[in-house]
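Take a look at the structures below.
Look for chain A in each of the two complexes below; its partner is chain B in the first and chain C in the second.
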Partner chain A sequence: MGEMEELRKEADNLKDQITEARKVVQDTTLQEAVAGTTLVGRVQLKTRKTLRGHLAKIYAMHWGTDTNCSKLCVSASQDGKLIVWDTLTTNKVSAIPLKSSWVMTCAYAPSGNMVACGGLDNMCSIYNLKGKDGNVKVMRELAAHTGYLSCCRFLSDSEIITSSGDCTCVLWDIETGTEKTIFAGHLGDCMSLAVSPDFKMFISGACDFTAKLWDIREASCRQTFSGHESDINAIGFFPNGNAVITGSDDATCKLYDLRADQELITYQDSGIMCGVTSLAPSLSGRLLLAGYDDFNVNIWDMLKAERVGVLAGHDNRVSCIGVSSDGMACCTGSWDSFLKIWN
Partner chain B sequence: MPGVINMDELTDVDKAEMERDQKKIEVKLERWLTSKCCTEFMEAVQAGVEEDTLVKGIAEDKNPFKELKGGCVVC
Partner chain C sequence: MEEGSRDQGQQCVGTTDPEEDSPNTIIYRKIEDVIMRLQDEKAGGVAIRTVKSFLSKIPSVVSGADIVQWLMKNLSIEDSAEAIHLGSLIAALGYLFPISDHVLTLKDDGTLYRFQAPYFWPSNCWEPENTDYAIYLCKRTMQNKARLELADYEAENLARLQRAFARKWEFIFMQAEAQVKIDRKKDKAERKILDSQERAFWDVHRPVPGCVNTTEMDIRKCQREKNPQKVKKSVYGVTDDTQTQSSVHQSLPSQPSRKPTREDVQKEISFLNMQLDRHCMKMSKVADSLMSYTEQFMVYDPLASTVEPSNPWISDDMTFWDLEASRDPSQHRVKKWGFSLEEALKDPAGRDAFLKFLESEFSSENLRFWLAVQDLKRRPLENVAARAQEIWQEFLAEGAPSSINLDSHSYELTSHNLKDPGRYSYEDAQEHIFKLMKSDSYARFLRSNIYQDLLLARKKLVSSSNVCFHFPGQVIDGQAADRADAVILTLPGLEGHRQTPLEGP
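Presenting the complex of A and B:
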């Protein structure tokens, strides 16, 4: 038997063992477990603010988390700008011109001191918001990926994790501008990543239809979750960090529990046939807000896996969504160039 | 710094080896019963739901995002 065949056979054998081990612990389904709970009441959110200013498709947005900026958010548009917004007043705190307008992601540092972005330039650019003269300048350009930057998330002011179309994720030292760790294993473009609430792990979703859980310090992949039938575009942690939520081009979202190492439930509806672009759980995790290619955001009861609301207000694809860290509002960004704040 | 990995430079055999080695790690995982996970999941959700604005709603006068009708906002 050739070496390839040998290796494939071993891997398949191990995969069968994993499938068996998952079945062994599956003594109930989430559907059965929640049979006695009541569906959450119909959720009707209103647009409270519309953030106007971008001149082209918005591709990403991220809320600030620090108490000083819990009502601030950053958005990235292919008009070549990053805008930091005060969502209460709709004022633009900063409008940062980018070297490359082909931006696909942006992130706000937990401290509120920096923002980052990247895209088809294959780089992650870090901007210091708190420069001495009040000007926002590029602090670092993190270059090493051989594919587009699909997502980035800060661990602190000195470390950031990126995911790329080159199938890898990287942990960077912002100070030196170098790669600390390369996380390889996905067999398709990495589309999205999310950091665990304790900052020890991160998850990535890719075009190989799987999600992977990585241990940041051990530099290893702990678990791989399958089941989706197409690219995973969006990924997030359940608020307590014990479960992972994914959104895919197969029109479904899935909830995977880290301890059971398997899917607990799928959020799908025969009436929904377009891909999921973005997702965010509400503060308690009771609701899952997911943006779709059909311009809507569907709101799901995460326990009962039924739709309990829709956010209809954009005139084009909803490309990004985020819930503020205090859970008070959700922000949607769209290809129609607007961001909306809802609650 | 661990060696630069350029996925384009990995041969099919390299990738198959990586996959096999990864599965060797994953097969050893200790897995919880789904019943325990579901119970904890439900409890986690119920614990936070009362403070969850998007679920419970918020009174107009307490909503920081309410319509600003004239006047000034001092931040």
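Presenting the complex of A and C:
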């Protein structure tokens, strides 16, 4: 037997043992455990605001989290603009022209001082919103990825994590503009990432159909979750940081628990055929809002895994979704060039 | 297939081969499955009939209402709106179409629809060039049939194409003539069907202005198409070297999929060994923790329950946000601090209250250390080293004024980190102190007057002589006041003295 074959046998053996270990703790399923819980009542959210201004497909949006900017959000569109919106008044706080119009992601720093974006230029550009003369300027261009920038999230004003089509995620020091840590391990394009509530870990979803949990300081992969049958496009943490939610092109969302190290439940319906593009849990984690390629957002009762609502209002794919930090509002962005605020 | 893809197949526990299935292929397969069942009259599909209309017959059609009904029954869809939405998606992708309209949606009425020919299915990866479209529009103008007249937008498109292809228009014209000849040889009824299917194909690839173009792909997925430099096949079998590649494809380098090496497998093995050592929590415990978390927070979740005073987005009343931001917290907000130490520290008023309590116990150094380290992480790089040293001096050095209690291992590790001070030098120490506060002071905080007063919204009257009254009948530290008119005084000078509860901690 060749060395490769022996190694593979060992790996397969270990995988079997892990599957066994996971089975051992399955003294129940989530579905059985919640059998006594009542289904959440029908959730009917209405569009309260429509943010008009982009001229092409919107690919990403992100809410501000600082109390000074909790009603602000940033959006990125293929019209080559990054717009910071006051979602309450629908005014544009800033309209930032980009060097490259093929933008795929954007992020708002927790402090509210910066925004970031990136895309086919393989770079993550950081913009300072609080410049001295009031103009928004590029502060840093983080370049090292060899593939498109699919997602970015700030840890603070000095650190940002990016995911890329080159199958890696990177932790950058913004001040020096250098790579601090490279997180490699995925075998397919990394499509999305999310940071844990305590900022110590992050998760990434990729086109190898798996999600990985990474320890930021240890620079290692802690856990890998599989089960999806196609690309994972969207990923997020359950609000208490103990579970991970994924959304995939296989038209399902899944909930994985970090401590049980396995899938808890799948959110699917025979009437839903299109892939999931984006997702966001509500503040309590009871509801899951997921955007699909079929122009709708479906709202799921996360415990009972049943649909309890639909947001239909976009005329094209819903590409991004986010729930504000106080849980008050949900924002959707679409290829129809509009953002909508719902609650 | 070689080793590479097999290993990929093992990595992901899916039934599909990742190399063959692009994201679109998955949905095409699902819809084609539905379409086959729809058309299979013997196995419960819809009735496809020839409908008489004035002087002519309309072959091979089905009503929108029939399709909606079938979808509801066979895909277990309860809501007709949902079935219409799904049906419209199937139409927009090009699998069925209304015979009298360019706009591809499904209506739940007598509107007549026809199924698309498999030749034109999107799963064949069509990317028809403008030369093909020009040939198509051109041949339509050659045929003298009312039903083949160009719509306004099509006439505009034709005019544009004539300008763009001015130099090779003769070629296009000849191809169009050839197509017309081929078409004339076909049976009349067959031609009606084929013409409509061809038109529906172009409605997908050159949609009516204002309609969604469902052939648009996410540029992130474009790169991974099985055949990035797609062989451009012509709808009409035209081989033309001057056909141009689409500009998007030209600018994207193709990403080769990585094949696992021996090192990869070895890394995998050590990773798997680490996984095996992990302690897995029981599902029942996990389920319980999820349920209790959502239950606790559901009342605070505006999307899942009604919030007080009112949702500002709906009522335009900012009171909710003012209350959340005020340093004078509501009972509702204070209750959250009791859920976990993390929740208490999230709220600035919670931090203040906890700090105040710790001060009364003379153990505020723990929280002050924790806050200082949080602040250190956000400092600009140039200030970090100096600030880190200050923290050491204040909290950890021998004889430090606010000495904190760390176990020797953590102390040594931190001391070592400080040789090259950075933002995260205190991570380990901070975690220890947090756990300490959580297991010790936090529980006492929740039982303290400082917390309970806020939670129960007890009013404290503080007079100028620093006398503190508790209203009779109120619960104090778990004990009801002994006498109905009892009043407890805290005398000046004894402010800092901790009130010893009648029961132990």
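Rule of thumb we're sticking to: the second predicted complex is superposed on the first by the 343 of 343 C-alpha atoms of A that agree within 3 Å, B and C clash if a C-alpha of one lies under 4 Å from a C-alpha of the other, contacts with A are read in each partner's own complex, and residues count from 1 in each chain.
Criterion: a residue touches a chain if its C-beta (ideal position, glycine included) is under 8 Å from a C-beta of that chain, and two chains touch if they have at least 3 such contacts.
All of these numbers come straight from a predicted model, not from anything done at the bench.
Under the clash rule set out above, the superposition-derived model of chain A with chain B and chain C contains a clash between the two partners. In the superposed model, A:G271 makes contact with chain C only, not with chain B.
When the two structures are aligned on the shared chain, A:A56 is found in touch with neither chain B nor chain C. Once the two complexes are laid over each other on the shared chain, residue contacts for A:L39 go to neither chain B nor chain C. Of the two partner chains, chain B and chain C are each touched by A:L7. When the shared chain is aligned, chain B and chain C each come close enough to touch A:Q17. Of the two partner chains, neither chain B nor chain C is touched by A:A95.
Of the two partner chains, chain B and chain C are each touched by A:R286. Between chain B and chain C, C touches the greater number of residues of chain A. Applying the stated contact rule after C-alpha superposition, one finds that A:K180 touches chain B and leaves chain C untouched. Contacts of A:A219 after superposition: chain B is touched, whereas chain C is not reached. Of the candidate stretches 41-49, 239-247, 257-265 or 437-445 in chain C, only 257-265 runs into chain B once the two complexes are overlaid on chain A. Within chain A, the residues touched by chain B in the first complex and by chain C in the second are 3-4, 7-8, 10-11, 14-15, 17-18, 21-22, 24-30, 33-34, 37, 40, 43, 45, 48-49, 88, 166-167, 185, 187, 221, 223-224, 238-240, 242-243, 257, 259-262, 264, 282-287, 289, 302-303, 323, 327-330, 341, 343.
On the side of chain A, the complex with chain B involves touching residues 3-4, 7-8, 10-11, 14-15, 17-18, 21-22, 24-30, 33-34, 37, 40, 43, 45, 48-49, 71, 86-89, 144, 146, 166-168, 178-182, 184-185, 187, 219-224, 238-240, 242-243, 257, 259-262, 264, 282-287, 289, 302-303, 323, 327-330, 341, 343.
Listed in rising order, the residues of chain C touching chain A in the complex are 3, 7-8, 10-16, 18, 21, 23, 26-27, 30-31, 75-77, 82-83, 85-86, 89, 212, 216, 219-221, 223-224, 251-252, 255, 257-258, 260, 262, 265-269, 271-273, 275-276, 278, 280-284, 286-291, 293-294, 296-298, 300-304, 307, 311-314, 320-321, 324-325, 342, 377-378, 380-381, 423-424, 427. Chain A makes touch with chain C in their complex at residues 3-4, 7-8, 10-12, 14-15, 17-18, 21-22, 24-30, 33-34, 37, 40, 43, 45, 48-49, 67, 88, 102, 104, 111, 120, 147-148, 150, 156-158, 165-167, 173, 175-176, 185, 187-189, 191, 197-198, 207-210, 217, 221, 223-224, 226-231, 238-240, 242-243, 249-251, 257, 259-262, 264, 270-271, 273-275, 282-287, 289, 293-296, 302-303, 310, 312, 315-316, 323, 326-330, 335, 341, 343.
Taken in their complex, chain B has these residues touching chain A: 1-2, 4-8, 12-13, 15-20, 22-27, 29, 31-42, 44-45, 47-49, 51-55, 58, 63-68, 73, 75.
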